[in-house]
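Every chain is named by a letter (A, B, C and D) in the order it is written, and numbering of its residues begins at 1.
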Amino acid sequence: MTSSGGSRIKELALEKDDLIDLYRQMALIRAFEEHAEEQYARGRIAGFLHVYIGEEATGVGVVSAMQERDHLITHYRDHGYALARGVTPEAAMAELFGKATGVVHGRGGSMHFSDVTKNFWGGYAIVGGLIPLAAGLALASQYQEQDAVVVCVFGDGATNTGAFHEAANLASVWKLPVIFLVENNLYGMGTAVEYVSAVNDMSRKAIAYDIASARVDGQDVLAVREAAQAALEHCRSGNGPFLLESLTYRFRGHSMADPEAYRSKEEVNRYRKDDPIPLFRNKLLSDGVATQEEFDQIDAEVLKQVEQAVEFAEQSPVPDPSTIADFILADSGAVH
Amino acid sequence: MTSSGGSRIKELALEKDDLIDLYRQMALIRAFEEHAEEQYARGRIAGFLHVYIGEEATGVGVVSAMQERDHLITHYRDHGYALARGVTPEAAMAELFGKATGVVHGRGGSMHFSDVTKNFWGGYAIVGGLIPLAAGLALASQYQEQDAVVVCVFGDGATNTGAFHEAANLASVWKLPVIFLVENNLYGMGTAVEYVSAVNDMSRKAIAYDIASARVDGQDVLAVREAAQAALEHCRSGNGPFLLESLTYRFRGHSMADPEAYRSKEEVNRYRKDDPIPLFRNKLLSDGVATQEEFDQIDAEVLKQVEQAVEFAEQSPVPDPSTIADFILADSGAVH
Amino acid sequence: MAREISYRDALREALREEMDRDERVFLMGEDIGAYGGSYVVTNGFLEEYGRKRVRDTPISELGIVGAAVGAAMGGLRPIVELMTINFSLLAIDQIVNHAAKLHYMFAGTISAPVVIRTASGWGQLGPTHSQTFEGWYAHVPGLRVVMPATPRDAKGFLKTASRGNDPVMFIEHSLLYRNRGEVEDPEDGDLLLPLEGAEVRREGTDVTLVSWSRGYYLAMGAAEELAKEGISAEVIDMRVLRPLDIATVVESVKKTNHLVTVEESWRSLGVGAEIAAAVQEEAFDYLDAPIARVGSLEIPVPYARNLERLIFPDRDKVVEAAKGVLARNLVPAG
Amino acid sequence: MAREISYRDALREALREEMDRDERVFLMGEDIGAYGGSYVVTNGFLEEYGRKRVRDTPISELGIVGAAVGAAMGGLRPIVELMTINFSLLAIDQIVNHAAKLHYMFAGTISAPVVIRTASGWGQLGPTHSQTFEGWYAHVPGLRVVMPATPRDAKGFLKTASRGNDPVMFIEHSLLYRNRGEVEDPEDGDLLLPLEGAEVRREGTDVTLVSWSRGYYLAMGAAEELAKEGISAEVIDMRVLRPLDIATVVESVKKTNHLVTVEESWRSLGVGAEIAAAVQEEAFDYLDAPIARVGSLEIPVPYARNLERLIFPDRDKVVEAAKGVLARNLVPAG
């Protein structure tokens, strides 16, 4: 997975600010996740925590290609997407802390971030379960002629679920504007793709549904952005769904509970060489887009942001117990 | 779907008796189903009745290629398979009548024929539900090195179920000896394939699972038999699963309740020209394998058989009410 | 002005009125279009409303319910049909882990106004096609579960469900579609019935018979039988199974002091169990006899007619149970 | 000679003993091999038994349970693990419409001796990962449902289940794996416990507390609390939820005249409802107060710790309920 994004900077006609912003977002996510891990270790965060470290380029690249009106829906590994889509580190960290100021008021926790004001329809924890929902969101967009594309994010493991099959077929039959973004990080929890998927090439699964597809180097933020733009264009033009496979790697365990017995340190270190953040920083440096000082400053800024987020989360109040029964049903009591 | 089986008679090195037997089985199934329809109209049979009229060549051709040790499992349209596998018309008709002498003692009815003494693992009525079961039966065969192949029969509509996807992927990953026999009769109940399946070519669905596949003219019993032999050979040799698509057509409604508003009389009549029984009879006549007199005699014999089956079913006693609670659990009461 | 129409036509009217009223309302399901619906409820709708609003789907219960939920999240008003409740088991993850959770999980910012129409029922359909799982759905917070017995409730509930903002399990019964009953004339305005509240459909003083859906007619039939023998039975149609209106049952029991529940599901852990448990809590001192439950035999449903008949409750079993609770003369508490 | 071992090790022992005894016994499930099992129950088994008998599967709950059922039909003895009971909803069609029906549907000629191990439990896992559906499974004829609370039951039930010929829902609890308890030494022979029968684990005279799985410990804790105040509570561990041993509860109630059920599932239509309904039928005259049910609040389970704590029953709620039923002085029947 060697990167070739630098050459593309001109083609993509990206302004320096845009490029710097892509870097900043990846750096912010990285810092956020590292602090989340630390706070988890300290017992301030509990339950399941799935961090995005090592995969930032996919989320940032894809979201950077989306329009505001486009919809985003993801699986439980959702922190990076939430931040890229504009959820504040404060609201995100507070959610992990289970506070009232959390992005969903402490109801969902790590796996269920969402912000409909940003068309981010949330993170879901039943593997594959969000894929039919995404097809439905795309149907709503098509039905109401909203010209909005749905980006549905899930992993290699999720492609083995019946939900993927049923939703992909339906999306194709109805030519729904939805991108199935498969983050192929080679493992579903502790199980390597080759042991559980008949094909290692996820894009090949699109053939059975007559769905267009592509593979992209998920460690190269510009390559991802470019591939996402093409996929979005495909869907927006009414050509039906698109399956985009991003080749990436999870640098950390599946969740905080993961002993990682299923893969070797060597393997992890090999893939760490393709860390999307230094890769991109070096590219921008060698292309003279920005200086080391600028990057140091950005790193310092995002670090501060995240520390403030932790501070904010700590200071925030827990949800008011009297609100525990709110939101069970949308229509209170009888419906007239 | 024009037939080309005649030319194959020599290649297949089939004895006259074998050929006559294929004809006899198709004729028996046809007569059985016609009488079942009649008895249903008379109110002696109730519930769901799905007949196999028009599709006989697929079932007879496939079963004729199977070894005794091979396993058969089908969806609810199972009469033809049961008869081809050796279930007597008496036991089959008695089951439709809900009698104690039925093949499953009146417990299952039309959709749930079975006879484990013939490795016929039954008909199942949840569309797609039998496909994972078939993978499991194939796993049992592989695990116990029984050299037995599982033939799993279902329709075009069932390929859209998550069960198909999950079972096909699993069967491929574990290289299980199972044939997914897709009877593509162009409709799932009243819904045409093109409205609900992203691809009309069922064999194309095998690609996503790296499963070998083939399509065959399902109205040509010899072509089906030959294709089934190849598929069985493939599985028996340890090459994993095989998807065989049989192109066929349902001459009658989906079930007795079907108003058939979804297709035109013209369409049905067009396909009726490919009636597998006269097609095969004429081939054998023109190839001089048998005479009209012989066929007339066979037709008379199967008619008699089925009439006797109806007689038997009518005379048989209903299940003893005192046995109603038998078979709920295999281990009665406590398990030690 | 009310007219007599069938349960099926009541549903058709509700669907048509809601589709005409609101562009966002659309139908999806297996064979609802070209085929006309497996129970002929949507016959003619495809021709009338076109493919955009009457969508035949693949055989993908999980996928189509999930897509309906997603479409509802996105602002539409899907009414999805699952041919029978037996197949809803394939979609139950989308119903329980998604539709029922969304609103809470996302702190009220997302809702899933989806109506899932499905048919329970039986009739020599065999072990996998004769079940009814209303008790499972009634167990789940975040869902509304209705099981109308009358054409009027069928229409009024369906219209309300399609306008509400919550996921609704709308459970019909294959043996009720032909039943006829009084339903207000559309001219007289929208028939919108709240999705809650049991109804006392027959007043009585000796024993209370509680049921819903088809079981309600068994209870009514039993009440008429009992009347012949001078026993006055009060009959309550629960109508809605979540939220469950226990108060109305308690009210009645305070008067009759005897209760019998009637349902077509297996007896153990059926809705009757919840009603019995709740009523003994709230009306303990008013009960002169144990609450009796009439349900199906706990056996998969066999195909043979003579056996199937023994599985399901019938009028006589209800009469017997009612006499049973009345016959019992109290022994002072041990 | 008995030793103290953990619930997890009891399960590991059972699996190992049965795999060593019978080649046909094998394991399949998500991440049971290379990962070691999401709750570390099968850690090391892949290395010990190899890929043939310890099979990591795709994330395909429906497919793998169905394949396990098929393998069982074909003569094997699969023990399939579903990471949590929340995901069992995706496989429930195979469990209820297939595994539970086969034997009856085919008149006893086919059986499905499959054991489905899965974990209920919670711990800030959020709305979709904190549920427990034992009541749903206990409703279904054709299934056996066990929910062991102790290491001994966990081992004894699992061994028996793997040798029996019926489908068994074997429900563990994520918060019990570390619990330790006495279990016979393997040297002393196979520990095979029948898959039925509740057990009185603490004798008492004033009130009966009934529960299972983790709830059993809440009941025990409450009993100890109550003892301090001179209230003698009898504690029953149901152990098996289908078949449900009501007789043992009735026996106890005839002595204590008071009953409280305790469960972690939502209260409505939980197993407690069935127990209450059945006991009031069979011990009506012995009840001095309504049967009280302690269950979860009927709300999806929120992530925030302070809210989650309020959802589930705890020892104090059980104590309170017990005092409630005892405090009540009877009013003569209405």
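The rule is short, and it goes like this: contacts are C-beta pairs under 8 Å (C-beta built on N, C-alpha and C of every residue); 3 or more make two chains touch, one makes a residue touch a chain.
Please read all numbers here as calculations on a predicted model, not as lab measurements.
*Asks:* Using C-alpha centres only, name the chain that sits farthest from chain C.
*Replies:* The chain lying farthest from chain C is A.
*Asks:* Between A-C and A-D, which chain pair shares more contacting C-beta pairs?
*Replies:* Result: the pair with more contacts is A-C.
*Asks:* Hey, how far is the Cα centre of chain A from the one of chain C, in Å?
*Replies:* Centre-to-centre distance between chain A and chain C: 41 Å.
*Asks:* Can you give the whole-Å distance between the Cα centres of chain A and chain B?
*Replies:* About 47 Å, centre to centre.
*Asks:* Averaging over Cα atoms per chain, report the distance between chain C and chain D in Å.
*Replies:* Result: the chain centres lie 30 Å from each other.
*Asks:* Centre to centre, by mean C-alpha position, how many angstrom separate chain A and chain D?
*Replies:* Taking the average C-alpha coordinate of chain A and of chain D, the gap between them is 37 Å.
*Asks:* At which residue positions does chain A touch at least two other chains?
*Replies:* As it turns out, chain A has residues touching two or more other chains at 107-108, 112, 124, 126, 160-163, 165-166, 169, 173, 195-197, 328.
*Asks:* Give the residues of chain D that touch two or more other chains, as numbers and ranges in rising order.
*Replies:* Residues 57-58, 60, 62-63, 86-87, 90, 93, 97-98, 104-105, 126-128, 141-142, 298-300, 302.
*Asks:* Chain A touches which residues of chain C in the complex?
*Replies:* Per the touch definition, chain C meets chain A at residues 24, 26, 52, 55, 57-58, 60, 62-76, 78, 93-94, 97-98, 102-111, 113, 141-142, 144, 160-161, 163-166, 192, 194-197.
*Asks:* Under the definition above, what is the set of chain A residues touching chain B in their complex?
*Replies:* The contact residues of chain A facing chain B are 160-166, 168-169, 172-173, 195-199, 204-205, 207-211.
*Asks:* Along chain A, where are the residues that touch chain C in the complex?
*Replies:* 71, 104-105, 107-108, 112, 114-116, 121-122, 124, 126, 129, 131-141, 143-144, 162-163, 165-167, 169-170, 173-174, 326-331, 333-336
*Asks:* Under the touch definition given earlier, write down the residues of chain D that touch chain A in their complex.
*Replies:* 30-31, 33-36, 38, 56-60, 62-63, 86-87, 90, 123-129, 297-300, 302-307, 310-311
*Asks:* Give the list of chain D residues in touch with chain C in this complex.
*Replies:* Going by the criterion above, the answer is residues 62, 86-87, 89-90, 92-93, 96-98, 100-101, 104-105, 126-128, 135-136, 138-142, 242, 244, 254, 257, 265-266, 268-274, 276-278, 280-282, 284-293, 298-300, 302, 330-334.
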